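In what comes next, subunit A is part of two complexes: it sits with subunit B in the first one and with subunit C in the second one.
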Partner chain A sequence: MSLFLIAALPFLGAVLPALLVRASRNAAAGTAAGATALALIGVLTHAPAVMRGEVPMARAPWVPSLGLNANLMLDGLGLLFALLILGIGLLIILYARFYLTRRDPMGKFYALLLLFQGAMLGIVLSDNILMLLIFWELTSLSSFLLIGYWNHLPEGRQGARMALTVTGAGGLAMIAGALLLGQAAGSMELSDIIARREAVQASELYLPALILILAGCFAKSAQFPFHFWLPHAMAAPTPVSAYLHSATMVKAGLFLMARLWPALAGTDAWFLLAASVGLITMVLGAVTALFKDDLKGLLAYSTVSHLGLVTFLLGLGTPAGAVAAVFHIINHATFKAALFMTAGIVDHETGTRDIRRLGGLAAFMPVTFLIGAVAALSMAGVPPLNGFLSKEMMLHEAAHTAWLGSELALPVLAGLAALFSAAYSFRFVAHVFLGKPRLAHAEPPHDPVVWFWLPPAILASLTVLIGLFPQSMAGELVRAAAGAVTAGAAPEIKLKLWHGVNEALMISAAALAGGAAALALHGPLARVWAVVAPPAAKRAFDALVGAATAAARRLTDALHDGDFGRSAAIFSVFAAGLGAWAWTAGGAAPLGAFPAALGPTPPIPLIGWVCLVTATLTLTALHRHRLLALVLIGVTGLMVSLTFSYFSAPDLALTQISVEVVSIILLLLALNFMPRETPRESSAARRARDLAAAAAAGLGVGAAIYAILVGDFAFAPISEFHLANSKTGGGGENVVNVILVDFRGFDTFGEITVLGIAAVLIYALTETIMAGPVRARLLNRRPAEPQAGDAHPMMMVVATRVLMPIALTVAVYIFLRGHNAPGGGFIAGLIVSVAFVMQYMASGFSWAAARQRYPYHAFIGLGVLVAAATGMGAWFNGKPFLTSDFGYVKLPGLEKFELATAALFDLGVFLTVLGAVLLALESLARYAWRPNIASAHPMDIDPTRDEAAQREEGR
Partner chain B sequence: MIALALDFAFACFGAAMLMNMWVVAAGRTVEDRILALDTMVINAIALLILHGIWAGTAVFFEAAMIIAMLGFVSTVAYARFILRGNIIE
Partner chain C sequence: MELLFASAVGLLTACGIYLILRRRSFPVIIGLSLLSYAVNLFLFASGRLAVNRPPLLHEGAAGYTDPIPQALVLTAIVISFGMTAVIVMIALSDHLTSRDDRVDAPAGGAADDGVEAPAAQEDAR
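Let's look at the complex of A and B:
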């Protein structure tokens, strides 16, 4: 099976549970399991080749210029992780089917779980470090959604936010580090990077890259001092904890350390950073775990501790350490996932996870007890379980390494961690399953159905089997993975249970005995811990986040306090300042003389100019009278349209005229709800300041335009290209339209999409506001001024009805000629909109709305779809998106005419503009709607009624 | 001859435009100003057509046509606003 398909399967599968959950919950779980199982089979088909030392690859360029390629590879390390992700994923899917209750949205759960699975699989299969980063961020996002799955619980939301903040910040560091590393190695391909150890370590970028990458790994893998997010992430449903927080996501950081091990490890900096942080995390996590009373909290801190152990082993930088690290990754995944699932079963059956309230469950739940006990003893490192083996290897490495100049420090600290590890593992068994029952059960808890306990049982039996037969169960996998981690330098290690009596065994025995003793003394020790425990990291985190939020808010409030005048003033002064700075910096081209080509100004344009200036100045003086201001804006719009015409831009003129009408109507609709006059609110000093800012901005813009008019072009203008290629390349003589629908078709496509979104947003806002208490206030509104009699005057109704077909004909004409003469879909859309709005104005909202057969949203959606489909049509001819085509057709009786795909695209533009304008206007008009002005007749005078009355009289 | 007629027409409509502007800027009532704006729109149509005749091109025709067809809608909207407050009832 292609690696691409394997990587894509979870993502493809993620759609199915969300859809099929309506059929049944089993269908949702079944499809999720099916996709996972298929991917697992795909990985297994490659396993023999990988074991032989081959590395299956799948390559595809994505953005090669950036070094970003969709390259996948499956080496021993990738195989190990892929098996963990998919194998445990399969068990989790089965487990979650019985864990989630009827009230939990199961389709959403499986969709998110598979999304996460795909992201995680992408990390371990990536051969390109940039693509790995993309998947890395995807795991952060999908785990955020999974932790916050129960989004009605505040702990869930807080935990999810904290996890996202910490792992997201780590992800940023990771991006920077990965880019530096890619630069140091001269390639973004992981297989190249790990082959260039000397180049990387000799580079001066090595240290910053190392620190940033390790920071990212530590944040993801919950290493000190970033470990605090993991316990808070325990608000997630238990299957998520078992999957993400024991077996997979928290191991992503370890995976990357292992992946980059050949390139980065072996230096003092690596040893000091990774081994030390790992050691601190290992000890701190183990000690804290013993004193956690929440079952999942205990497991979370123990996970932190075990992750520290693996970091420590990788940090040693020795091949033997790498082998032990790989082996412990397998072992930890098996026993910890089993323990989380056991904890979930206990929680599910007893309703609590508080260890102080649990006890004596062994009598009620023998199967769960057996599973939990085996897994916990493996975690404690009791022979002959698998946890014992890797712990022995770790202790062996620790006993033979000096740290900070001391031969004794490592064995003692590692032994201490092992002691506390044994203690909390024993506590998990003793305080939950043994002793006296401490919970008054109305109904005694019992073992769940077999499917619920089967997944942890499988994992627990694996801990026994790997412990007893390590070489045959895991030897090959460990060899292949360790070979990949160390780039072939791994020693041939035979995994075996009995190494003879050595330091490691003695430390281990002492740790187990000490662990039992610590458990016996748990009560007094807990009281001591309550005094000496380090402060909760959550408080520091909250303070940090709170300070950052407050600072951001202060800055935002200083710039935007909701006063438009203020933000406009800040913007104007800033822009004018920038312009002045750019001018004085002297980078501008020298100004020429006023171009003679413009020549002396003829009188008529001068009159237009006088009108424009007069209107603007009058507007400034009278702007407090809102309706008058709008009338003056009408003059400005008219003059701008005439200017466009005069300077040979008929397309712009047509657009400007139609936009003008629509915006006047929009503004009048809004003005209805505002006072007629703007009150004078600001002080004289403030007005003087605003005047200065406005003058600076206005003069600055004027100066900039003058500079452009008389200055030389910095680059040759591109208009020549457009003029030369419009007819031959785009099949149209109207260059403006060809630019819109062909040369820059992609921009237009984006713009109509945004336009549609904006209109739908206006609709959604209206919908929300009208659903609230505002509606009652609007209905009870009294008009500020007396109203004239006619709501729907007959004159207007007749005039608009007559005009409607004419306007539509003109719109069709403008649309069709658009490609070769001024016009096009945008203008046609505006004309039709105005024709419709006239009907709304003449006969009222209710009358027009009752005659509207298709919703305006549909026009918007159809328009975008038509444009997209036209663009995609090019694919079928092997051309890129939105490549247009045209041809000439001769029909009998007609002259030869042109057919262009651009016209179809323009149809999409037309539909979107029509839908967007009308949806926006209709939404705004709804605010003023009142039931009592709903009229059954198109106008105030109903001729049929009068006829009936006359007949009545005549009788 | 046509040149002379064009100059005369330009002068008339130009002057009309300036007078309209005067009323828009300094009219006694809002109604006066709206009517002046409406007249201004009509004069703009004339100027566009004259300019087309002068330049010997038909390219300004559509602009003039659309102003003629849609220009009155804003005037109606202003008027409705004054009369009823709400322009779409």
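Let's look at the complex of A and C:
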């Protein structure tokens, strides 16, 4: 199975549960499990090759100029993690089906879980460090959603937010570090980076890159001092905790440290940073875990401690340490997932996770007890379970390494961590399952259904099997993974249970005995701990976030006092000043250098100029009279349209004039609900200030365009290409239209999408407003002035009805000729819109709405789809998106005419423009709609309103 | 002729900006429309002005004006209609809910205003 398909399967699978949850909860879980199982099988088919030392690859260039390629690879390390992610994922899916209650939305759960799984799988399969970063961020986002799955609980939301803040901030450091590393190595491919150890470590970028990357890994893997987010993430549902904190999310940091081990490890900086942080985390987590009374809190801190252990082993920088790290990753994943699941079962059956209230459950839940005890003893490091083996390897390494100049420090600290690790593991068994029952049960708890305890049971039996037969169960996998981590430098290893009596065994025995003693003394120790415990990191975190928020608010308030005019004036003057500076500093073409300048002015443009200037100045002077302002801006718009026409731009002229019509209608409709006059409220000083700002901007823009117009081109224009290829390549004589639908079709596609979104936004705004109290106020509104007695004048109704087919015919004509003469989809869409709007205006909203069968949203959607489908059609010809084709057809009785796929694309443009314009206008018109004014006859005369108007006047 | 064109664009810009600096939403919208004209004319003229040379290919043409700015401006005109429509709608919604058409946020509470209004509406529902 292709690696691309394996990587895509979880994402494809994520869609199904969300869709199928209406079918049944089993269907949702089943599809999630199916996708995961398929991906697992896919990975397993590659396993024999990977074990032989081959590295299957799948490559596809994405943005090669940036070094970003969708390259996947599956080496030993990737295989180990892929098996953990998918294998434990499969068990989690089964477990969650029985853990979640009917009130929990199961489709959402599985969709998020698979999204997360896909992101994790992407990390471990990526061969490109930039693509790895994308998946890395995706795990932060999807884990945020998973931790906050119960978003009605404040702890869930806070825990999710904290996890996102910490891992997201670490992600930023990681991006910077990865880019530096790529620079240092001269490649963005991981397989290249890890092969260039000397180049990387000799580079002066090595140290900053190392610090940033380790910061990202530590934040992700909950290493000191970023460890505090993990216990708060326990607000998540237990299957999420079991998945994220045993096999996946927190292991991502370890994975990356292991992945980059050949390139980064082996220096003093690496040893000092990684080994020290790992050691501190291991001890701190183990001590804290013993005194947590929440079952999941205990497991959370124990996870922190075990992650520290792996970080420590990787930090040693020795091949033997890497082997132990890899082995412990497997062992920790098995016993920790089983323990989380056990805790979930206990919580599910007894209703509490508080260790102080639990006890004696072994009598009621023997199966759960057995699973929990085996997994906990493995965590404690009791032989012959798998936790014992990797802990022995760790102690062995610790006993033979000097740290900070001391031979003794490491064995002592590692032994201390092992002691507390044994103590909290024993506490998990003794205080929950043994002793006297402390909870008054109305109904005694019992073991759950078999499917609920089967997943942890499978994992618990794995801990036994790996412990007893390490070489045959995990030897090959550890060898392959360790070989990948150390780039082939791993010693020939043979995992076995019994190494004879050595230092490690003695430390281990002492730790187990000490652990049992610490548990016996748990009461007094807990009282001491309550006094000496370090302060809660959450409070510091909250204070930091609060301070940052307050500072941001103060800065915003200082920069922007709510006066829109002030900031807009500052912006205008600043932009004008910037332009003036650029003018004096830059080398512009000399004035008067353009050869084809137009020379003296004939009278017609002069008249147009006078009209435009008069209308604009009058508009500005009299803008308080809003209706008059609308009339005058219509004049200005008409003059702009004529300007386009005069200067050889017929398409623009047609577009401008039709847009002008719909814009004015839109503003008129809006004005209906707004005051008719603008009050005079600016002081003279403020007006003078605004005038100065406006004059500066106007002079600047005028001077700039004058300089452009009379200066020659700084670079040769690219339009020669378009003019030369329009007919031969695009099949059209109207070059502007060919550019729109062919040369730059992708731009146009984006633009019609934006237009459609704008219209839908207007519709949504209207819906929101109309659902609120505004609607009642609108219905009770009294018109400011008496309305015309004749709402639908007969002359106008008849005229618009007659004009309708003519307008449509014109639109069809304009559309069809668009490729070769002025016209096209944009203009045709606007013309049809105007024709429709005329019907609304003449015959009334109700009359027109009753005859309008298809919603305008559908036009927008259809238009975008038609344009997209036309573009995709090119794929079937083996051409890139939106490549157009054309041919000439001769039908009997007609002249030879042209058929171009660009015309289909233009049809999409037409439909979108039509739908968007009409949806916007219709939304506005709905404000005025009242339920009782629907007249039976569109050409009505309302005598009651006439009389009312007369009474108003007579008063 | 160029001077005539440039002065018109400059005037449209100045009047547009002056109206944008007013305190009520309606003049601001009108000002934005004027500014859109100015910007569209500016972009259009960046291909230089030419009379009687439309970019429609035919035999015996003396030459063609630059078609690219025209294509860009054509979509810009339609998009600026969409923008105007959205702004009109926002202004109208604000006027109808707060019974006030000022564009200035009340001093101090600029950020909170928008967050609370929809919540209040949901309650009313």
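The criterion applied here is as follows: the second predicted complex is superposed on the first by the 900 of 955 C-alpha atoms of A that agree within 3 Å, B and C clash if a C-alpha of one lies under 4 Å from a C-alpha of the other, contacts with A are read in each partner's own complex, and residues count from 1 in each chain.
As a convention for this text, contacts are C-beta pairs under 8 Å (C-beta built on N, C-alpha and C of every residue); 3 or more make two chains touch, one makes a residue touch a chain.
This structure is a prediction, so every number in the text was calculated from the model and none was measured.
In the superposed model, A:877 lies in contact with neither subunit B nor subunit C. By the document's definition of touching, both partners, subunit B and subunit C, reach A:671.
Once chain A of one complex is fitted onto chain A of the other, the partner contacts of A:796 are limited to subunit B, with no touch recorded for subunit C.
When the two complexes are overlaid on their common chain A, residue A:650 makes contact with subunit B and with subunit C alike.
Ranked by how many residues of subunit A each touches, subunit B and subunit C are led by C. Of the two partner chains placed around the shared chain by superposition, subunit B is the only one that A:810 touches, whereas subunit C remains out of contact. Touch criterion not met for A:780: it reaches neither subunit B nor subunit C. Legend: residue contacts after superposition of the two complexes on their common chain; A:635 is shown touching subunit B, with no touch to subunit C. In the overlay built on the shared chain, the residue A:822 is in contact with subunit B and with subunit C.
Subunit A residues 630, 646, 648, 650, 671, 821-822 lie at the interface with subunit B in one structure and with subunit C in the other.
In the complex of the two chains, the subunit A residues touching subunit C come out as 553, 556-557, 560-565, 568-569, 572, 594, 596-601, 605-606, 609, 612-613, 616-617, 619-620, 623, 626, 629-630, 633, 636-637, 640, 643-644, 646-652, 655-656, 659, 662-663, 666-667, 670-671, 673-675, 678-679, 681-682, 690-691, 693-695, 697-699, 701-706, 708-710, 713, 717-719, 722-723, 726-727, 733-736, 739-740, 744, 747-748, 751, 754-755, 758-759, 761-762, 765-766, 768-769, 771-774, 777-778, 820-822, 826, 830, 913, 916-917, 920, 923-924, 927. Here subunit C touches subunit A in the complex through residues 1-30, 33-34, 37-38, 40-42, 44-58, 64-68, 70-71, 73-75, 77-86, 88-93, 95-97, 101, 103-111, 118, 121, 124-125, going by the rule given at the top. Chain contact summary for the complex, subunit A toward subunit B: residues 603-604, 607-608, 610-611, 614-615, 618, 627-628, 630-632, 634-635, 638, 641-642, 645-646, 648, 650, 653-654, 657-658, 660-661, 664-665, 668-669, 671-672, 783-785, 787-788, 790-792, 796, 803, 806-807, 810, 814, 821-823, 827, 831, 834, 837-838, 840-841, 844-845, 921, 925, 928, 930, 933. Residues of subunit B that touch subunit A in their complex: 10, 14, 17-18, 21, 24-26, 30, 33-34, 37, 40-41, 44, 47-48, 51, 59-60, 62-63, 65-67, 69-71, 73-74, 76-78, 80-89.
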